[in-house]
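Each of the next two complexes has chain A plus one more chain, namely chain B in the first and chain C in the second.
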Partner chain A sequence: MRNFYLQPLRGLMLLALALMLAPAVSAQDAVELMKQAHLKLYYAGDDGKAEVVMHLIDKGGKERLREFTMLRIDNADGGDQKYYTYFKKPSDVSRLSFMVHKSADGNDSRWIYVPAVDLVKPISADDKNSSFVGSDFTYEDVSGRHWSEDKHTLKDANGKLDGKDVYVIESVPVKEYKGFARKVSYIDKALMIPLKEEYFDKKGEMVRIFRADKIQDIEGITTVTSRSIENVKKGSRTVVEFTGIDYNLGLTDELFTERFLKNPPREYIQ
Partner chain B sequence: MKKLYVIIMLPLVFLAAAVQAEIRLDGFMQGLYGGRLDENNPTATEMTASETRLQLRAEHLGENAEFFARLDFVHDMSDTARYDWELREGFLKFRLGKAFDFKIGRQILTWGTGDLIFINDVFAKDYRSFFAGRDDQYLKAPQDALRMAVYPGFGELSLVWTPRFEPNRLPTGRNLSYYNPFLGRIVGEGYYFDPPPPEAKFENGEFAAQFSRQMGNFNTALYFYKGFYKNPMGAEMTPDGPMPVYPHLHVYGASLRGSTLGGILWLEGGYFDSRDDQYGDKALMPNSQVFGLFGFERQVATNLTANIQWQADVITNYDKYEAGQIAMGAYVRDEWRHLLTTRMTRLLNSELVKLSGFLFYSPTDEDAYARASLEYKYTDEVTITMGGNFFEGKHPATDFGQFQYNDNVYLKVTYGF
Partner chain C sequence: MKKLVTEFSIKHPWVVLGMATLVTIFFAFQFPNIKIDTDPENMLPEDEPVRLFHEHTKENFGLSDFIAVGVVKESGAFTPEILNRVYNITNEILDIEGVIADDVMAPSTVDDIKQGPGGSLVIEPLMAEEITSSEEATNMLGRIKDNPILRGKLASDDGQAVAIFVPIEAKNMAHRISQEVYKIIDKYKGDEKYYVAGLPMAEDSFGAEMFKQMAFSAPAAMIIIFLLLFAFFRKMKIIIAPMVVAMMSVIWSMGLLILTGNTVHIMSSMIPIFLIPIAVLNSIHIISEFHDHYKRYKHKDATIRHTINELFVPMLFTSLTTVVGFVSLAMTPIPPVQVFGIFVAFGVMVAWFLSLTINPAIGMLISTQTLKDFGREDDTRGMLVSLMHAFRDFAHGHYKAIIFGSLIIMAVAGVGLSMIIVNDNPVKWFKTSHPIRQADLAMNSHLAGTYMNYLVFEGASADDMKRPEVASYIERLQLDLVKDEIVGATTGLPDIIKKVRYELFGADSSALFIPESQDEIAQLLFMFEMSGGDPDDLFKFVTPEYDKANLWVQMTAGDNKTVSRVVKRAEDYIARNPLPEGIQAHWAGLPYINIEWQHQMVSGMRSSLLGSFVMVLIMMIILFRSFIWGLISMLPLTITIMAIYGFIGYIGKPYDMPVAVLSSLTLGLSIDFAIHFIERLRLTHRRCGNFADSYKEIFEGAGRAISRNVLVIAIGFVPMLFSSLVPYITVGAFFLAIMLVSGLVTMLLLPAILKMFNRKLLPACEPEPLHNTITVTE
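Showing the complex of A and B:
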């Protein structure tokens, strides 16, 4: 009788324990995996430089180009970062420079310098979900969304994507966010780089897809040299290609000030 | 004929030079057509603009210095056809050591915090362009200047010396009418002449300085200017009657700008010290004034940015100013003048369409000025813009009231390369 009573109770207790521990353990893993992937994708090296070409392709297949040089410095891995963007094309924005001080606390600062009127202007950077130069990439897509802003769950530790072993992780914003309601990431197990991210809205419909289209080894650092975002709803997509990548150039914080916004550092920007 | 020859040859010389050296060339071709809406406008032509413009930009990056030039060629047929060209920028830029930056030559200069409101920015403006629908870059007129910036580690000190005074460019009555204080009415072409600039002497150069420093979220700055009023604000009695002149001016000011309250906030103040009228009792010279500006901008929704500004200024010796104006039978402004502005910018269709509106309104001058435009980027090269400029005013002598007959709409097509 006693055993008869205790057996299911013990089972129930074990189950409860398992239920309590399992999400905790897998959430912990998921957070750690997302952190690693985030650092690999957005914090490669201590600093970096790249020539960037953005192809903005609309629903009808019409293509527009944005060409710029980008400099980045990391003040702390996963923490503060500074970005410098110098536009080359199209003609109406050529020689325009743009700077972002990304802050770990979420209060980013942005400045633009318009050389034709010698004007430095801070930009109100309230909305990280707004488009970067009219592309399908948001500001957040360019510099990354901090992993602590979402709650992560490991959905599949042995997933497959195009024949590659991946972790499938689901992320839900901690605070309600208009950018997405749910995100599913497919992280390459060997490279620890997200190969694909699917963004869903509140209704559960897929709205955007991020893809790492080309991954190369550059100076010993795994680098996504071509990435794209497809806006499923709008039918548009943006492909970003990186060339001339260089890491650990010894960039200093000084380059990311108003002085160099007005006078692009020609050692790095031609 | 000689001028035409120069106009045709210059771009060719430019191109040849570009091929020779490693010069990067780009620019744009633009057609701008605008017409006045008010039949009472006494201007020489009904076209506020009708011009074809070619802008060539050339850049050369050397080992230790860089060179940049921006050259405009214009065929203007708004009235009698005329060719024109202008070197809008042509400067050499280099760094000396770690702490010095130099920019020498013809250049556009801007500082201060206001959005289309300028207190400590006493650099040349071009209102002929601004009111006629030309691109924003044409609001600023170039100055031949030497600019040095020093970075001692605790801020930035900029010094600008403009050896020859560069005045603002004001409507002449050809495309845009304006108020003539000597005649006491709004006039068209035929009354305008360029007032004589201050003599070419060393002490008549313009000197401007700014010291700025980042303090937390805010960029703070102090300013100083020694030169002349950029508009012919004063008059001198001559045997031929009163002649407009550019009176001596000193400006002392300060500003603050930074992000707070989910947007950008700016404050600026300045004291316009009228050196030719220290006691405010000279009726033909401007009185000293104190200016204050408050502004705030924020993104109110995705792709919608809005700002508001409030500028107030006060005349320091108002009683004497008032007595002088009454004696001359001229318009008497209020002691305090307020100017409110707002800008709205809406981006649509993946930022291909830009809707923009800017409104100036002065409750004390009882005048207003509205700018509106719709811009469509058809391709990376081709941009089509439609816009308008609208003026209201109770008195013909106020800043915007004087342009009340100049309401205009325009169409602009730009091809960038």
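Showing the complex of A and C:
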């Protein structure tokens, strides 16, 4: 009898609860989606290696090249990471190497080794919005912006981009940030990889576009093997191509120290 | 021909006025399509190599024209209060439409390279946020002084001045943006002084102020001329005619200029001010003659016929000579000057035609009743008459002294001519008291300068600029250039290389040199890009391919003369020390463009002036059918030009764009009195038959007309002397000087020469009867 009376009431309560939670759940979804996409894009495997070619294309179509080998080790998914970059081209900077210790608390460290003077110099890592080796990629574009730094809203759970089903998520920095005022991400529903990100300045003008141009399966891991940033304002573009990708090589923290900056580990870097 | 035109005007005055009005309305309707262009860069044709190179340089290195904002406090500008105000002002400037926010140079926007904690290298904004302590302020000054890229630019070494450089998308925004900057300054300013300077702003503001001046000067001249004419002739209805002729000539030529798609440039905006006096001159002669004879003929049409008959040939020739003077401007290689010359010439011919039609037509429409007391009684004595008689007697009595004096004046003027200094600076088109001049003075005395030239080094292949010998060559040239007192600072790739090296070695000043290895240079620059330096900052000094480098040469003075000196200094250095193999050097920058067009202007004006002088001489010989009369008629013109330009040489006034262009006006106007004088003297002489009577007669009608003209034009342009724009003052002063000098020479030297050589020049002859002169021969 009691149940009989309570049944509809329970239904109503559940409905009310669902209604109350609905926006929260959706916001939570947006954060969750961004987190998943971030981990897929920046924390693939426990470590990794790639040969990278960067095409820096100016607005007149002139192209410059950067070639380097990149090693990465993840200390914790979504947390600390270490990057090692060894330059091969342009030839006058070959053997120059570069290391980043990315910290979950935001206090990153960077070092550069300048072979011509045989000197390792720590360099400032405060500005994550600055250009990476003169390209249209910022440091943040290379190693990712932590999802907790922005407030995310799911704008469209059933979006379409070039015939693919995507989530459209809008992100606004929690703290005012000179990198962008608003970002719209289009995340492939099946792959959970952002296919496109549009960055807007505080005037509301689109300034930059990130694109995942080529996505491949490598060692069972969905990998963006060609990506680009278009600087809409300047008219320049940088295309990055990854080859020789290898995951879970068993890299150790020891490799990511000053000693190896001067003497690159030959088993990974030819 | 003259009979036809005049007869038609006399018989159908309404038709003439109606047609002229219709044409005027047609041209007036073109005015809404006016296109204004105040860019002095357009003084050079668009495909001029210097201009193209300047454009390429701006494109290659991402450079923009800029406005410089200066903040000066004698007791020290590096206090938290002032710097925070500069911080806030900068923030608002960044949001102004047309400002290239990314390239603004201010304490809060520029990156500084410095030593961070743990011996690290830090590239970060010099002033990331508002500051609170005076230590931070002092520290900031120290960092500016320690950075060759910022030193002298962003702050003076004594800390009395701070600067903000505001790059703008286009030069024609400079005036508007500077006005918005002033508004922002007003919002924040304390007791420190704020200045806004820079060549683009001066040039653009000049354009803006010029049109205001024009809107004032032209009507003011019209009103004064009107009042003077009223004082002379006392008949409102009659003196309407010259006003109508002047206004119509201006509207026709400006209307045609707009209709033909030409832009109204700094030069062409002056067309009205040049046309008004020329248009009025003819009419004054006509009215003056009409006034003198009306009482004799007592008949309007007869008087008009006599007047036109008497004046047709001299008016045709005075107009043609003026046309020659202005058309010759088309020979200069400066497009706006060509347009100016051609349309003034067109206006002069319009004025000539309208003078011959509108004046008679209006004359015919005036009722005989109105003219009842008009006209001069033969025995009237007035100031002009007495003055002319005084001239007559003086020239007659002291002809030798006058001729001798003229020779002395020519000799003295000749010395002055040799002292002429060719110089120009658009900033100096404003009076010293103008805020733009004040800003220019203040900022250039404190900072490294608001005038920016670029010396571009071009290599044969990529990475040439990383070659150590290239970098150290540029470095040595920099050291030589700063020896010139107006070079406030030079900034280039070597400075960046050295600065990065210095910081890499832990701010060790013994590391402050260009390394000998190309790889090291490449790696230092790569390191700059790696460590947070904005690549765009680097690429203002070198192309991304490293095949071209750009040396910024910042100067505290923008006078063409001093800028040329710096250019010459670099050329000399390069001549003494050959450039490294495969490297070439060329100049760009607005000050450099200015010297280039001035150079073309001066040589162009020289040939156009000489050409038109010869043309006018030939015309005079044809007009008087006599070589010797042709030569004599050139005297007032020659002496006027020599006297005016000699005077300019003595007082050290630079020979600049307005002064150069005014030589054709001088030529065109100062021949006029001589034409009227000689042509009418010879007409008179045919009537009188003996020199004594002809000599006396010429000081009557013709003499009065000339003196009226002198007074009307000289006084009419006096308001221009009070303009805040120097070129306008110059134009006003020229009108005054041309009228006075050529008037004096015509009324003194020509009579003196006649007196001396009258037997040869004016031999006695059988006098012709008066009525014969009324019958017109074609």
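Assume the second predicted complex is superposed on the first by the 248 of 270 C-alpha atoms of A that agree within 3 Å, B and C clash if a C-alpha of one lies under 4 Å from a C-alpha of the other, contacts with A are read in each partner's own complex, and residues count from 1 in each chain.
Simple rule for what comes next: contacts are C-beta pairs under 8 Å (C-beta built on N, C-alpha and C of every residue); 3 or more make two chains touch, one makes a residue touch a chain.
Keep in mind that what you see is a predicted model, and the values were worked out from it rather than measured.
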Side-by-side fit of chain B and chain C on chain A, or clash: clash
Which superposed partner A:Ile112 touches (first chain B, second chain C, both, neither): second
Contacts of A:Asp162 with chain B and chain C, given as first, second, both or neither: neither
Partner chain in contact with A:Phe98 - chain B first, chain C second, else both or neither: second
Touching partner for A:Gly134 - first (chain B), second (chain C), both, neither: both
Touching partner for A:Ile123 - first (chain B), second (chain C), both, neither: both
Chain B versus chain C as contact partner of A:Glu176, first or second or both or neither: neither
First, second, both or neither for A:Asp58, with chain B first and chain C second: both
Which of chain B and chain C A:Glu267 touches, first, second, both or neither: neither
Touch count on chain A, higher of chain B and chain C: B
Region of chain C that runs into chain B when the structures are aligned on their shared chain, from 457-465, 673-681 or 709-717: 457-465
Shared chain A surface residues [contacts with chain B and with chain C]: 56, 58, 62, 64, 90, 92, 114, 116-117, 119, 122-124, 126-127, 130-131, 133-134, 234
Chain A - residues contacting chain B, complex: 56, 58, 62, 64-65, 89-92, 94-95, 107, 109, 114, 116-119, 122-127, 129-131, 133-135, 178, 234, 236, 257-259, 263, 266, 270
Of chain C, residues touching chain A in the complex: 116, 118-124, 463, 466, 504-505, 515, 517-520, 522-524, 526-527, 529-536, 538, 544-545
Of all residues in chain A, those that touch chain C in their complex: 56, 58, 62, 64, 90, 92-93, 96, 98, 110, 112, 114-117, 119, 121-124, 126-127, 130-134, 234
Residues on chain B engaged by chain A in the complex (per definition of touch): 26-28, 57, 59, 61, 66, 70, 93, 95, 101, 107-110, 136-137, 139-140, 149, 151, 156, 212, 214, 217, 219, 257-259, 262-264, 297-299, 302-303, 305, 347, 350-352, 379-381, 383, 414, 416-417
